[in-house]
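A, B, C, D and E are the chain letters, set down in written order, and residue numbers restart from 1 in every chain.
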Amino acid sequence: MTRLDLSTPLGLTLALLPEIVLSAWALVVLLVVSWRHRSAEDSRLAGWLSFAGVAVSAAALAALWVNGVTSDGLAQMVALDPFRYGVAAVALLSAGATILLSLGYLERERLLAPEYYPLVLLATAGMMFLGGAEDLIVLFLGLELMSVSVYVLAGFNRANAFSAEAALKYFLIGAFASGFLLYGIALVYGATGTTNLSLGGAQLAGKPLGLMASLGLGLLLIGFGFKVAAVPFHMWAPDVYDGSPTPVTGFMATGVKAAAFAALVRVLMETFPAAASTWQPIVAGLAIASMVLGNLVALTQRSIKRLLAYSSIAHAGYLLAAVWPGTPVGAGAVLLYLVAYSLTTLAAFGLLAWLGRNGERDVTLNDIAGLAATRPGIAFGLTVCMLSLLGFPGTFGFIGKWYIISALVAEGQYALPVIVVLTSVVSAGYYLPIVMAMYMRPAPSADRYSAVRLAPTAAGAIAVAVAAVLLFGVWPAGVLDLAGQSGRTLTQTGVPIAGP
Amino acid sequence: MAAFVFYLFAAAAVLGAAMCVLQRNPVASAMWLMSTMFSLAAIFILLGAELIGILQVLVYVGAILVVFLFVIMLLNVARTSSDLRGPASLGATVVVAGLLVVELAALWQYTPRRLAADIAQAPAFADPARVFAAGAAARQATAAQGVVGALAAPLFQTYLVPFEVTSVLLLAAIIGAVVLAKRNI
Amino acid sequence: MPENTFLGPSLALSAILFSLGVAGVLLRRNAIVLFMCVELMLNAVNLAFIALAQFHGAGGQIMVLFVMTVAAAEAAVGLAIILAIFRHTQSVDLQNINLLRG
Amino acid sequence: MTSFLDSIGYGRWILHVLLLLPVVGVVPVLLGREAWAKWTALVVTLAEFVLSVGLWWSLIPGLGDMQLVTNAVWIREWGIAYRVGIDGISMVMVLLTTSLMPLSVLASWRYITSRERGFYALMLTLLTGLLGVFIALDMFLFYVFFEVMLIPMYFIIGVWGGTNRLYAAIKFFIYTMAGSLLMLVAIVALVWRVRAVTGQMSFSYSYLLEHASAAGAAAPWLFAAFALAFAIKVPIFPFHTWLPDAHVEAPTAGSVLLASVMLKIGTYGFLRFAVPFFPQVALSPAVSRLMVALAVIGIIYGALVALVQPDFKKLVAYSSVSHLGFVMLGIWGMTLQSVQGALMVMISHGFSTGALFLLIGMLYERRHTRLIADYGGLARVVPVFSLILTLVALSSIGLPGLNGFVGEFLVLLGSFAAYPWATGIATTGVIFAAAYLLWAIQRLIYNRLDDRENEHLRDLSFRELAVLVPLVVGIVWLGLYPRPVLTRMEPASRKFVEAVMPGSTPAATLGATAAIPGSGR
Amino acid sequence: MHLTHMVWLAVALPVAGFLVNGALALWRPQAKTAVSVVGAGVLLAAFVVALGVFAGLSNDPSQAPVIVRLWSWLPVGRLKVDFAFQVDQLAAVMLLIVTGVSSLIHLFSIGYMREDPGYARYFSYLNLFVVFMLVLVLGSNFPVLFIGWEGVGLCSYLLIGFWFSDKVNADAGKKAFIMNRIGDFGFLVATFFIWRAFGNLDFAYVSEHAATTLAPGGAVVTAITLFLFLGCTGKSAQIPLYTWLPDAMAGPTPVSALIHAATMVTAGVYLVARTNVLFAMAPVSSAVVAGIGAVTALFAATIGLRQYDIKKVLAYSTVSQLGYMFLGAGTGAYASGIFHLATHAFFKALLFLGSGNVIHAMHQAYHATHSHEDAQDMRNMGGLRQYTPVTFWLMLIATLAIAGIPPFAGFFSKDEILAAAFARGADAPVYYVFYGMGVLAALLTAFYMARLMAMTFFGENRTGERERAHLHEAPWIMTGPLVVLGVLSVIGGAINLPPFIGGHAALEHWLEPVLEPGLRFSHLAMPTGSAEYVLVGAAVAIGVIGLWLGFRVTLGRSIPVARAAPPDRGFARVLSRKYYVDELYDALVVRPLVWLSRVVLWRGVDQRVVDGAAVNGAAVVSRLAGGGLRLLQTGQVGVYVVLFLVGAVWILRAVMR
């Protein structure tokens, strides 16, 4: 347990070390690529450099986490608690995996602009600010940093009209949604006199929510609803996920979502714990709508990428269900589910990126028929991913879902868990056909996928992710403890500032 | 007097915004938006945010809107036929935006006293003078250090972290804009 | 405490301008104009910040500074994206931009 | 025997070895040559069987409690542990599973011709899953096993199944999962409610059982969730329609395990979990009446629908619906006799129906059709086959002296006191059972040998006899001398009955002539 | 070691025979000599054991039943069902009848089935049948009795369908089994009632405690006995479950003699006698038993009038005679029922085996000329007296016995039953009606038996010119057992000679220890003196008149051969088609049930409602809903924004409340 005084420059620097390392590293990479940005080798160099940056940042993060660093007194601007570290870890995990997956992918798709990697790093820094923000201003800026970078990444395949369209849609609706979020920040600021989350919470505690605070809460929920792709703010997600380069899709589905959820949980639990009765029905409504719509529409998809996009909407629903309790257990559940979902989704999109060629938009169920015969390893990996997304015991996804159910039931909430499981059953209706196609249907031609080689980096990353999904599925005690402890830190701290 | 000025600029802002939305020529829209921004700058100054009012003109009108106009011209989309959507959309817009404005404009009822009552821990303590001590302190700081100084101190002390984040944000935006817009990378 | 804070009227004006921006986003098909309407929404929020900053100190005003920065950054990236899409479709009309659907 | 087992510390390691050995066996199956896969699987399953036999002597006679219990921390903070143990009931189910497994492997010897490694690896995984369900004493562990075994079965049906296998596999999977996920919610809810009362979080079966009254007002809902999961697994009408599809499309070994073991998990679940956790709900008049009614409907309905099936495998599948109805009736009959009878039906259904599926499989290997109409007059061509088929069918019909009768008789006898009308109607099931099986037998092995293709069928080979003879021996043995099995299960059954109906020793439910409706006194 | 404890040997011997013959049937079907020796040998040995048991029992002064416990079968809590045999007077009688008649029929079969390719299989089935029949009569409790009860049904099924290649035979076997199963349902329910009432299923316990446990005439005992009797109607082919028995003639003739005349079908009577105390306590049930018996006796006799298949006549005759036995049992004259059971076993076995000889001769003749005429149709016979004289004389004895002509065996037993029914009429006048029906049935019996004899043995031979030369008497192995049965048919009445001709009613006294509990409840005052003589005289007169009429009517006109026979018309047609009962059952039960199962339950409920509407319907609805929601995803940003704003408006509404 180390305490850092955030009012001193040293303390602040140490507290923000992972973010600082990452941002600075992005600059370094940028410097390097400004001399070398022509060939595939240059791109690869930038990739490995960036990966090293992620690793160093992760080391800094680990140093903070292992030492149990907390803030001395009120945390200004950024939080110093395990929840932030956990979210940052998910973001770094997502970034690292995305970089590894991209190494081969960018070469194959001839996307050789090495600026890709600094953008990933900057987006990750944005995620870490967003997920760790203790102040609405930092939250907003982190969100924008992340968003701006990801807008660009979505449109990174400039030769591809789909990619450009994805970027445009994401950007337009994203900016639009930012307006709502910002309006919410303004009203919360007006209603509390502060942008600090804990202080605001202290201010709002113990009395009914005023009109301004209520509207602020509502507008914040709208803004977050967009970022996490909750129904009915989800409409951009399938198109954007579909059109973006696949590793970026994986990045969006995991890192972006994780950071946004972390911020949502933090805002709700630190600033609005007293208003639970106001936001719980809304969160429940969003969760139910997301679970139902995401799963139902996913049933009708033929393209696997688009199917996974809708499935990610459904998973946003599950995560929102985990947000509902607003308890430490719920926060832990969100965190754990994010880890489980991120690992699985990254592996799944990685495999998908490998399967697709020349713009993998069109990988359909028919394309992977009989895959198990020619590429058993890929088929096995994708099967594990599908089962984990389905929430099947023995996989990490199950542990996550079980934790969510636990968190809900602990608060006496039964309707949401029932909907969670029922919609999970629906989801079997589209996850299983993927498994089925690979194992139980004959291949259209024997050499459909025999020639393609998976880049070793991507293969390694996927293998590690799949192994982790299985390992944590069977031996979840460690991550469960970690998530539980992180969740417990998210209780209201701080003192009222205004009024005697 | 102040009220007259406020409402005058408010009316101008609304008119500009409405025309911006309704004008079919993008260039005209941009011009109307510009007028709204000017009006808002005036209102900012009226509300005691002189520096922001000036920056509003400098940054928004001088930089951002110019970029807009530049792109409109570059793409030569000004002469396209109206891009207003059809009547169905109009109906939906009226309904949805109407509901939205009704919900949000409920804030008009806020007076300082009511705001103080919202914030104070108990109604008995809802004295604006005490609740809004921070505002008063800021005004004193402005009086003592000038409009720039009063903002500069907190910007580089309290808000150092967000300030640094904006620098990274701008970096990212630059990289992004270059990557997307440059013909050959 | 200044005599006239225009708190209620400012918030109302902010709401109206915000809604007008929203209406613009709904009504227009031109991506650039759409984006201008988003800028209008941000401006409306700025007004709210300024109005509230009268009571809570410099934070609100500084927030507006950041918003302006963000708007500039968004403008840079957004207009670059619009340029990129224009290269593909020779149009910025959103009605023509619907390759991705279903 | 007992002292020998003690000397090798059998009780300490046997359950873990049983669970682990098949999983370990998967490795050589997958890594070895394709042709070795079945041999490896056979060796592993036989070893498993031989090892499990010792369980017969390792239980303390007369003790109804869980024995050979292990309790190793798994997820400490949530009170989840690797808890395993057996009582008489689970011991018998374990033995049923381990004894059928080598037979299923042998039955697949020639049936499975493609991707053999995968098949046998899945079979071994399935074995672990099945055994795990029967010996798990931790609700989390139980749930994991309960679901995990879906996967191997899903693949077995989907990869090696018949023409409509994809539909059958996904239907089987989704149907089962729908129920079990709701049960998961109920398990978690029960745990939290118990925690709210006792302050301790634990997924331990015995702990939850002790404090299950904490469920309070939620008990009906929790029971409903448990019951739904198990009802689908059993399956009880109207949740049964996955069964015919799955049975028909599955390869022989799959059908055998599905019918003989997996269906029992549903009834086992009722006996072990659903009813003991929530006895007030389960035995409330409304629920009892519903369950008994569904059981009786299942008995009659399954039999009637079986009557008109053109596909012999489907016929047997529907007959399972009928038989499992007896089990449900027996459980809700809630006397020592009926519960013991229900357990006996579970065992003998495992033998009889397993044997029937094996026989169909053997026929299918020869003629590649399961339609009854394609056969006829087989008794002339394949007398040994016909003899065994007849014997097994008679056991399924419930001919006294064979195993089927023992369970059915005890179920009906025991349930009659509580539900005379329902039991009376259920008893008509014996008529329909005779009708559908004898009719099918007649069309298969009697009548004229019309089809020239049937003229040169081979009779059973040595391997096939090796598969069937143990079952036939079991059928006759259990029919004439079920006592050893009955006495081993009795303490656990007695504990069950006395636990859920406190104060009602079996004696109290008897001799109550005055309670008979319309008694002429 | 008491001799009675050797009783298990009587069962074990046929078990061994079954196993050996079964093994031979599978692997060495040609070893016919071995099969014969084993098959018949074990039965003869069993008969010897039975004699020993009988001797042992008669030397036992205590007269208490001996329970031989073999092993504990179904021990569950208080339920303690042992696999045990109960040797008492009733069981001993049945043991003798079963092993005795079986031995004879096994011997007969050696000749009759000699040429059949399924010889070994046949003997293994027959041995197995004896096993189950013995378990039935010896079982000491209801479940063990039920093993035999169902087991004999199984063997009946196997033997009726012995020539299974013919669909009709296989159908007949199946029908027998299923109809028996309907009866078994009754038996089972009765067992459950008994368990609930007594908490014990041993016969001895039930007999001893019935009086204290149950209320006489109460609902429980009535229900028990009615359900038991339902079992009996199935096994003993009484209305309404009799239709399987005539069809059962599809089996080999010795099987008809053994199973469907002498032993298995009488199991119902045995069961009533075994549980006599319960029936005695339930007058309503007893009346039902007697009534069904009387109606069946008369009804079946009428059908017998118009049958042409020699075995069918005998089959309906069996049904009719079984009706008599139930009339006796229902009247309370259990001993008389058993008595008639015994005499009927002798003369009906004789009749069947005799008909077997006839069929054998006919079959040989047709076989020799490769003719495809019906060897069992009496219209193809006629004048066989000269070709098969031994058979003729023996069958004549049996005919006189069944017609109730003194001093043959049937006279005494039938007369006792009728007298008892008449006597019971004093308490319950309905028994007079039963008595009348019994008398009428006796008339018809004599008539159709005379018709049978006349058509078969008298008049001109109609077999055919070429075939006539091949008609021969059967070999000694077949006629030998007939002679023994003939002797028994003549003197069988001696076992229970009534007092009025100086007898001691030996059987009745012998059975007294078993029947005593029942008699305590329903004492029967048998008619004595002049009333008795009048009844006897009337019975004899009826028999004589019936025989005379039968010969007269049959021989009075020419009989066309089966091929050329015109179809029956009018009531004769109704009779020859057996009152259309089979068709009725088919139309009312079988077809509706199959229709219900196939169309309503399977195609309707299972495939349409549960699977179609509910299960697949859920999938389809999900998919359709998904497809509908998917339509929102137009790719148009405008639509996305509208939806976004709908959500926004909703959320703001919700927070403001």
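Observations, loosely collected:
Please note the rule applied: contacts are C-beta pairs under 8 Å (C-beta built on N, C-alpha and C of every residue); 3 or more make two chains touch, one makes a residue touch a chain.
Everything quoted here is computed from the prediction, not taken from an experiment.
Listing every chain that touches chain B and chain E alike gives A, C. Note: the chain lying farthest from chain E is B, by mean C-alpha position. Chain D has the C-alpha centroid lying closest to the overall centroid of all protein C-alpha atoms shown. By C-beta contact pairs, the most connected chain pair is B-C. Per-chain Cα centroids separate chain A from chain D by 44 Å. Distance between chain B and chain D, defined via averaged C-alpha coordinates, is recorded as 71 Å.
Averaged Cα coordinates give chain A a centre that lies 79 Å from the centre of chain E. Averaging Cα coordinates per chain places chain B and chain C 8 Å apart. For chain D, no residue reaches two or more other chains under the stated contact definition. Residues of chain B in contact with at least two other chains: 85, 89, 92, 96-97, 100, 103-104, 106-107, 109-110, 115, 131-132, 134, 158-159, 162, 166, 169, 172-173, 176, 178-180.
Counting partners per residue, chain A has 137, 141, 144, 148, 151-152, 155, 158, 167, 169, 172, 176, 183, 187, 190, 193, 211, 215, 238-239, 429 as the residues that reach two or more other chains. All chain pairs that touch, listed by label, are A-B, A-C, A-D, A-E, B-C, B-E, C-E, D-E. Listing the residues of chain E that touch chain A in their complex gives 619, 622-623, 625-627, 629-630, 632-633, 635, 637, 639-641, 643-644, 646-648, 650-652, 654-657. On the side of chain D, the complex with chain A involves touching residues 74-78, 143-144, 147-148, 151, 154-155, 158-159, 165-166, 169-170, 173-174, 177-178, 181-182, 184-185, 188-189, 192, 218, 221. Residues of chain C that touch chain B in their complex: 1-24, 26-30, 32-33, 35-37, 39-40, 43, 46-47, 50-51, 53-59, 61-62, 64-66, 68-77, 79-84, 86, 91-93. Residues 387, 391-394, 398, 402, 405-406, 409-410, 414, 417-418, 421-422, 424-425, 428-429, 432-433, 436, 439-441, 476-477, 480-481, 484 of chain A touch chain D in their complex. Against chain E, the residues of chain A that register as touching in their complex are 169, 172-173, 176-177, 180, 209, 211, 214-215, 217-219, 221-222, 225-226, 231-233, 235-236, 238-239, 278-279, 281-282, 285, 293, 295-300, 426, 429.
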